[in-house]
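Sharing a structure below in structure tokens format, with a few things to ask.
Note that the chains take the letters A, B, C and D in the order they are written out, and that residue 1 is the start of every chain.
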């Protein structure tokens, strides 16, 4: 429990890199708090989840902790404020590092009890030009910060000054987090692999008459027995019409024969998320109409995957998927050519949004919707171009098709929701699909599901 | 999804019973908000859990909802403020009842959009003598309440008055919640049965070399596939020395041959909690020393169970368990008779707390540490007696023994943590053990574990 | 400075009377904080004004102080939390009593440093049934109170309980404050006398060409040289059309010949307010039109004064004044009989509100708009009758007439604002006019103003 | 009332100058709110005082107003959010400009109702790199700002971004406010002249047996009748020992024959402060001991005045005054040479602080302790030198001497407090004493006081 963190040097390097950026902006003090604990009901808490920025810079998982970095006249220091050792509390709530061990094991220059934060910060904030902090993102800390600054201001007649500028530290860290290093890619591959196995197992267990939550149970079992600490987000197990609710999470319906089942689920492994969606027939065999739509979404995903390479713009994949999907909507009669015109018209008028109303992906990492700008960071304004993909970025590619009952829409497609989502690492040559092993074609899916539906 | 709630009449009866109490206190307005949603990381939320008081009075599970009850001149009204229907949001986040359907299906006199709360409340709070509200327990609502009251005060020159008295509504509801009705007992038995099956399965799967989380996976799987929505609290799977940390929850150690495994876990089924602890040998066979301590705890639990009947005081079971445990500590040499004296002395001096430092149970219900006073509610002061047990109360009985390495303590017992916990419904005749089917004796446990450890 | 307060026994009696009321409601703890200090600009504060409720119970004028009264099992205690002695601070900011001297001189049972409040209150609030407190009226204390209650709640498993009911202490104190005792009447007479002298002096100094603030200077001078600590409210010195703005306070216009000047001003003497309005001609002679309207207001005031006796309802004076004024509006042509009908009609339709849009008075005491209900306190609802006047009540009687330019209104009356306000103590026999010495009739006013306008 | 502000062009120039600075820092949005209204007691408010920064940029005096400046791609805009016109409110509370008139008369590019602020700000804050704002100084606005920023963040997937940097706008404005322009100097001279006349009048009226507040009344009268809107700070009228309390403000003691009276008082004229202290004998004649100490302070002030010229460091005057005072303490025996050594030793050891414990002045302007750094603004750190004086700066020079009873201090000097304070404008040639006309030498003071103490 008190072993050296696997990636100690990596965390130190990230703090170092951040301090270099601080230096380039003229130095100052950075404050990065971790997350709070939240009550679920009465005195029962939600499972604790640290703040992703804080963790990215420390690997430290305890609540009630704050990183403070100081860059002043060329001298850099990294400080950790954390819970003190307390044998009585530890009998109840478990091991804590305490400042002494934490300083050593997590490679900080100094560590102090969190209870000393209020006493220390006014000095630390005195006569430092810039404060690197993300206001509004830690509401429990904002009032304390104002008190610290006020304490500095009250010394101003003696010539001491508070920081005159607050630089939002998140954009700096967002840009760092956008590019995953080897350690991160290893963890993300592990999260992806476990999640893929969970999908495979759910597929194999599925049969009509089950409740959606029975498939969720298979997911949870697979996640946890492989050491994942938590689902990365609330799993979606949506049968039939439920799949047309994008974030459906009740998972309490009974699955009927002939329906598709859409599962969007991934685990969080050592704080990194996977995010996979697969859609399959409850009875193991796609109907003809289901197959038509499914292969349309699959083709759209392939078109988007083809854009996942260095130099392409972030939005290229979305545009490619939309084109394939829209053409398919016209071909299948979901959209009426007489009404919406040709594919270019249907794209321009956004007619396709009746059946495809979300984006084709997002960054993935410590958060399932991970940090990082989608447009060129060095430009300003609403019109700046989407950023070019570069090696080290990880993103999802997840087109879908959702057909609710509506006049003019062929009834054979009603209540069908399909989404196919993979997790993609951009590489120098193109990309690596971290979720490549999870069955995706009609043939693969029907083959995996065969044993228990149509034993030969 | 829009079906009538199973227990509609029950929820209405509870609101009715509460309003009768309000009437007896001179009438007024009650405000009972549900819980907030909480962010886990970035834009990813924790699974939503409604407030237990709110749910107890409504069966309503959506966030952003407030119950308002008015009792005025003999006229009672129950109002619900909830989210409005919104087709766009519902495509993304799923079905909402909306005020119209909610009013009808959940049996309220009126229902309104939550957005109208600020506009409605000053009128509702005008010229009502008592406000039934629990200040400080819904920090997001407290400031709004102050604004509503201020709005009433500003009309005071025209003779309108705000409530002059705020009665904490929780004690009234606590007393109601303490006595479970048939519907609740049915759900709690279901939660207990599922949880017991989960323990049984974990026991059967256990073997040295596994990681603790692999057993947690078995628990989660069993919970969810039987329809439980969530664990009722963070599961404890603690092998060896970890079991001496009372709320150990990392569950990431490897289980070693010869160790005991303590599992404290229960599911939440339709909002009601189970809470079971079992302790068993990783390899399927208790060592002699483990058996000695285990049977001591078991005897202590039996002594406490014998006190679980109407008329006994809440603390009687604890005192009985402490006496058995303390005698056992002396008999086994955990405590040194020469130093601590006879059993009465060791109890008086609390010497036993070195190895048993927690209470023997707690109320159980919508919350795992459920609402309800432990002392006679109609008396005041620190010295008032513990309350007498009555039919309908549900409580846990969970003695334990935790031996950390320490000078003077026989090494053979070091790093042993044992707890045995059942969920008990007080009945007119005595009690019903809701978790009676989960193996508990040495013989039962070893028998269940035999198949995979010592196949004959 | 450390002398015994003039009214020590009176303050003790008030605390005693409050505790008797607390006892009748079952006992508990009362918390009454004083007011905060407020910054005016940069580090410069507004002159400190204590909270009126706090002062009423203590006579104590320092900021950072809280009264705590406990009534428990027949035992009553009055506690004061206040600033500690601090020689360094006292060199800068002046004398402080400190807990030791304050306890003795102000007659509390105990006194403690204000810094100990957080540590003491959880114990004080444990196992007490009622909290007497006015939530929302001391926003700086509300969060602290929630923390104290939370600290008590956290001990609840050991059988300790927080108060289950919060009774708004202000209505109890409002009812006490409504009836002035001899000490209060003496101070109010002093405030009224000083204020009357100030009005007289302003009248004598007035002449066309002055600025309004020059007359305000006369008021301030008179107030302060007689020992009044402050104006009781922002003085209104309104010439001509400015008098039609009810709370005009800029006082920066030049007074023109032929205009009326309305002065509404009173001082605060030892925390008690006076509130006098007089209206007079800038040049010392009422024009005919001015006199007509002035004598109408004077007659209305007399009608209201005739209602100022025990047994009359609070609103009787207003109704009497409105009737006189409305009849006068019809007689003078301000209201057109052909349009609004007879006096009863014009009252019923509130047509008179074009020229008289405010009430005819308010309670007066520690606050200029003093505490106290205007309707019967023992009844509920919007329709309950206005309360009957009783000896000891102090109120203002202040009818007015404000004629803005408008079509159909005789031009001769345009831009005329008149108000006449006296401070009235209800006596067993009728009333005592505390401001009786301030000139009020046309003859009195013209006589006082004669020396400097029309020297014979 | 709706006339063009006297200095319209000046305010526009200041906003322009600020926007130029914003441009140099890369552009962005500045938010400058005015001050809140504060309740004094019950529903009675303190006289409203606008925020000095806000006023400096607008000349606008109404509460509930915010200036927003935007500098974006070379385009500058100045916006005002203010109260809407409201005829009903204006009958009660007086004239308001309303956005339409305010935009025109105060020279803004646009003006909007304050109620629209929440709706407008997210757009204004979108895609702007820098926010110029002083967090923590307008606690009522900070939470709103966080909501606006959060609203921008929620649009971030569409490529919109919130400001990444918050620059404290106060240091920029402090530096501007430090240098007074002609308009400001004119107002400050007016404030100084009125305040000097008030001192002179108090001096002439003083006689033993009066209460201190009677002299305060003379001050208030003089301030207000000359059009000053308010005292700039709470007047100190301290007789005898009271003068040793630096911020004594009770002013309720009776003045005794033979005592000195110290008056520290100044008015605020059109928002600019004067700050004058004079000390004189209650009976019009300095005793020998009083004269000795008085002339020592006068000499110290002269030494400090000699340093008030361009190029001198801010602290030079203080050092000069301390040297004179310390030498005088040694000469008079206040300090014992045998104990504290020579003047250099007594300065080094700060022995003089027993009798002179405050600084020798402060910046003066819109605030009595005005904005502006005391050390070189372009350097960092605690050790950076005090700034050099430059033409346009205004400061007070106010040495003092306070002799409390103490062992070893000659009794003849006990309970003597003396301070002499003038307001100084630094000019290219040296300085201009704005308060030059207020009697200061022993001869001048005794001459002014003669008429009523020793009529010839």
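Brief remarks on what is shown
As a working rule, contacts are C-beta pairs under 8 Å (C-beta built on N, C-alpha and C of every residue); 3 or more make two chains touch, one makes a residue touch a chain.
According to UniProt, the chain labels map to these proteins: A, B, C, D = Xaa-Pro aminopeptidase.
Nothing here was measured: the structure is a model prediction, and the numbers come from that model.
Averaged Cα coordinates give chain A a centre that lies 53 Å from the centre of chain D.
A straight line joining the Cα centres of chain A and chain C is 60 Å long. Across the assembly, chain D contributes no residue that touches 2 or more other chains.
If the chains shown are joined wherever they touch, the resulting network closes on itself as one ring, and no chain has more or fewer than two partners. Under the contact rule defined at the top, the touching pairs of chains are A-B, A-D, B-C, C-D.
Contact residues on chain D toward chain A in their complex (touch as defined above): 126-127, 129, 135-136, 139, 142, 146, 149-150, 156-168, 171, 359, 362, 373-375, 380-382, 384, 386.
Interface residues of chain A, counted against chain B in their complex, comprise 1, 35, 38, 40-47, 49, 51-52, 90-95, 211, 213-214, 216-218, 220-225, 227, 232-234, 244-250, 252, 357, 366-371, 402.
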